[in-house]
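Here is the structure we will look at, set down as structure tokens.
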């Protein structure tokens, strides 16, 4: 599948899918989406990339080893769950930092819930990529 | 709507069991996928299904205006699906590696860990 | 408090994450692992003390009130199980330093090991049915990883059976949990106790009960669902088997106990009847399997099954004394069994094999190791004044009190057969001469390795001995735990804040 | 470290014996115990009792309690007293043994166990020490651990005594529950209650099995002769003077509680008589001196049991006196045999002779002990025997039987006395036997003193009569009892029986060769002996175990799965039938077209996956199924699940498809004949699960949890997608666990596939 058109098309497509996955991640709390789905979508972007450019290229495009990415995701999720320590609440309690505006009517809100979802995103992405890279390669 | 789905669950399990009892490990894996789907569907059914709206609360409201689907089973299924994916992926890796190392996918011939016992095992 | 209860799984998880990047450096990684285990042990002891002094503790994760969020609960049973997990974790991690080769460490042994502990501890402390499923999965996938780590032929063969049969159990469990939710509308175990008792649907309740028996029964390795255990337990490095033998099946038994004391109304007699029959058959088939084999670890593996039978028996008899017996037996058995597997590893190191016909001479070469083995083995066979005696005494007395003479007979036959196969190992591996006169002495191995191998074994043997000589405190504790289990009022109050006047059937 | 080094050197050279000091000080501990006990002798003979202890397991009412009365005093004194001589003897006998420390460790363990056993004032305490003697006996018999015979004998003794021990435990537990306490004193007081209880017979039988196994009564007797594989000091101590008497002690101890019934009387009398008679026959054919002695020990044990079966004061007194007598002479004789063995290297009667010319002191000790054993006046053995005959005649149930057996076995004992004390010393010296030296003092001093004591007490029986026999007798009978031990009772029936015994014994001794030929014939053609039956049983057990394991754990995964699925089906069917309400009437809902499509896609996909013969087709079918399931989720208000399902299914199938080229094409899944079977099993299980689901659906779902989520999702958790809020907030812990699973699975898969985890770019 080394056709030039496909390769060029996938470049654009992969970028689009990745952006889309982040969009799905961020809107997940209010609309269908979220860390899982976004992570899986992002992973499929890499699958597409790998199909067009080959596994090696996909791996080098990722820059860091996917298993470390996954571990990092788990770590972020753990940290976000433990942020509640500073407010003296139970583990995995929601911590909301209202930067601007009102909580329920928009404005910029930072929360550990989002960080948790990012952790999920990274963990799922990393794990799926780890699996794909490992299984695709003739061992 | 639950009745037909319960039946589907049964059918998936039946097919899955049938596949799992085959000698080929790939059959087993496919059977596992089927039953895994069946288990998720079973949670879905058990949490009651209606043709209701998705469990989303429109902008500007505190609670949903109309009946919505039960969100909890959905969350459980989501978790179960992802966990299932992990397990199945590992199983796939295991099967691949097993074929590479043991040279077969026929479970009946996998007798290294539990070899056929010799006729007379005697120790002093 | 909520943090304290979360620590038993947070510590191993963080340790695993810390050990993951360090896996290429054996020493550092091992140090992280042992340190994490020490921390875990300390935490669990603190929890035990708190529970013992202040009663059942509950913590709501995310501060969501009880039946809605996920609850962690530490009652006496959970607390003691956590402590014993901490002890096993600590001893095994210490032992692993010399038993696990560098390439396995590089593959991530310590991370998987810690994740396994996280899964085990999470299962013990959670008060939520679906959360229990999640922890089971953590434990399961970590155990998969450990079982095939290194990827020897025999490991893969055993691993396939292990994975295949355990996945069935997992799916059964998932289905049952989903159906339980569908029946009661809750996943909180304390709430389930109340809700399920109010459900007027005997068909569904019975179906769920047996589904849970099957799902957890596979995990616990009861008759006739135990096949995965003897098929795989002798395949991985002995460190792995030791922690498996100590903890994995016991998690299954633990959940069985929880399910049929807390979740299902104890008036429901028929699960106990099924369990009773199963328990007796498990005891017998397990010990006969041990009698049939001549491989160190296989004998021990079959013994695990047989002793699971005793544990389930305690649950099936469903009296305070019997449940206390089960709890005591569980603690005793985890300690002794883990120890025996660790010793088998050192025996292999010194003699070169696990096959009893090919080894020997340990009695003369390593008196100390022989001593520890003797303690553990004869404790398992139920000899006084070792811990196994009291475990057996409690269960036999409970059976006699219920006039279950048949049960006593089976227990005694099992006891004598256990002794038979234990003394088989003793006579073959220890007493007789090594057929090739190859047996090394403990003095012949490097000093660090000697300590790493002997310290955990000595510590576990010491526990066996102390529990045997001074059984009173643990028996009292077990009785108190059994009381809590049979009258879950305190548990429910701690979780839901409801003060339920529990009448119960006893 | 130093100790270890010298330990290993010690194995090489016999000169540097490690732990030599132990053997020198070893008699001190038992000596101290003996002295302390002796000091209390006046108190005991005055009928005093001592009791002391601590609570052990308060919850069960178990104490670590000790209790000393006349009976336990007698046994304790024998154990510690003979222990002193055995320790002295062992110091010489075991000299140069590399494992001395181990030996003394076990010996002391045994001593402690034995003392604890006889002094126990609590049933559980008694049992604990009982089993300690079992363990230490096992360790001592297998002391020559490299000998297969020793290992086998040790295992046999262990298994039999443990079997008895387990029965005893159950018996004691039942007894305690009937009597309402574990405390010995309360039990002793509750004899009437116990005997009236319907559980009396089971209790009696279980406790008797325990005692009989330990004291080697028929049919559990065969372990004792085999136990002679132990070093001789051990045989002298455990297997003649002490451990085997533990069963006798138990019988005596339980006499006030369990005796006075026909069951007790008949079981004990018959078992004891049979044991003694069988052992007597066997003793005659032995040529190994130690074995011959072992069989006379069996005779003694049988006799003791026989007499304890009776309520008669004379019989019990005979038992107690004989017990003391036996301990003295038997220990001495074992030691003598040990000396012979040590000095000549053989114990075989046929290879020995003429030792009397060189071993002057040993021969004195041997003769004195043998005279006592044979029951010749003025030795203590004579008094014992006279009492026995007196007791035999006093037995209420079956005096003729008891008397006959007593005369016969005593005659055999006389014969064996001759075998041990005359043949090796005065028979003509065989030619190949090298010249023999007298043993060192350490060896002969103990038997000499012991046999000397037999003579002393025979001349002055009051030394033991009032202080030892009477208190014990009173305890057993439960009433104060006096007895006068005398050498000369005048001419009476017992004396006539004694004379008959001597005559018989001497005849048998003289005709030993013919007797043996006859007996050998007899035994060769005997159908089986117990030892062989034991081997057969073990073989049978092993074969059965192997068979059942081969059937159950046959190594074929499909069968495991079949069993599991079948089990699940069976219990599920049982549960559904048991529940009774079958959800058979069900209003089928009207499905719209797209729902039909989703369902059909799912079912069709499943069917195709099940019947596909090529993997690629199966994968396509699974893909269709995945889409179908996703559509079901989508149509029924679960968009998040639908998306996830679709993505996961796609990703997974891509993975499988990528792997496929590396795997072989499908081989046939199974033989055709198995298809209907597997399909049926699947169908049944599927149907049962469907039924269960429908049963669950019968109860309306009332989920406050869901209501809570719907209400609080926006105001408190600030999210509008309730599913996502549950995942990341309400039940974040589940999600956390889940990503751990995925992470672990991924890393595990990578390690499994043998890739090193990549570091950065390559």
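Letters A, B, C and D mark the chains as written, and numbering starts fresh at 1 in each.
To be clear about the criterion, a residue touches a chain if its C-beta (ideal position, glycine included) is under 8 Å from a C-beta of that chain, and two chains touch if they have at least 3 such contacts.
Nothing here was measured: the structure is a model prediction, and the numbers come from that model.
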* Hey, which pair has more contacts between C-betas, B-C or B-D? -> B-D
* Asked: Can you name the chain whose C-alpha mean lies closest to the mean of all the C-alpha atoms?
  -> C
* Asked: Compared with chain D, which chain's mean CA position is the farthest off?
  -> A
* Structure fact -> Taking each chain's mean CA coordinate, chain B and chain C are separated, in whole Å, by 26
* Structure fact -> Per the C-alpha centroid definition, the whole-Å distance linking chain B and chain D comes out as 47
* How far is the middle of chain A from the middle of chain D, if each middle is the mean of its Cα atoms, in Å? -> 62
* To do: With chain centres taken as the means of their Cα atoms, state the distance from chain A to chain C in Å.
  => 37
* To do: Quick one: which residues in chain C touch 2 or more of the other chains?
  => 13, 20, 61-62, 130, 134, 137, 141, 144-145, 148, 151, 160-161, 164, 168, 175, 179, 181-183, 230-231, 432
* To do: Indicate the residues of chain D shared as contacts by at least two other chains.
  => 148, 546, 550, 553, 555, 557, 561, 639-640, 644, 648, 651, 655, 659, 662, 689, 693, 696-697, 701, 703, 705-706, 709, 714-715, 720-721, 723, 727, 729-735, 738-742, 744-750, 752-754, 757
* Asked: chain A: which residues touch two or more other chains?
  -> 30-32, 36, 68, 71, 74, 78, 91-92, 94, 124, 127, 131, 134-135, 139
* Line, ring, star, complete or other: which one describes how these chains touch? -> complete
* Touching residues (chain side chain C, partner chain D) in the complex -> 13, 20, 61-62, 64, 67-70, 106-108, 111-112, 115, 118, 122, 130-131, 134-135, 137-138, 141-142, 144-145, 148-149, 151, 160-161, 164-165, 168, 172, 175, 179, 181-183, 185-187, 199-211, 213-214, 218, 224-225, 227-228, 230-231, 270, 274, 285, 288-289, 291-293, 302, 363-364, 367, 378, 383-385, 389-390, 393-394, 396-397, 400-401, 408, 412, 415-417, 419-420, 423, 427, 430-433, 441, 443, 471-472, 475-476, 479
* To do: Show which residues of chain C lie in contact with chain B when the two form their complex.
  => 130, 133-134, 137, 140-141, 144-145, 148, 151, 153-154, 156-161, 163-164, 167-168, 170-171, 174-175, 177-179, 181-183, 230-232, 234-235, 294, 356-357, 424, 428, 432
* Which positions of chain C touch chain A when the two form their complex? -> 2-3, 6, 10, 13-14, 17, 20-21, 59-63
* To do: Within their complex, state which residues of chain A touch chain C.
  => 68, 71, 74-75, 78, 82, 84-85, 89-94
* Structure fact -> chain A contacts chain B in the complex at 30-32, 36, 105, 124, 127, 131, 134-135, 139
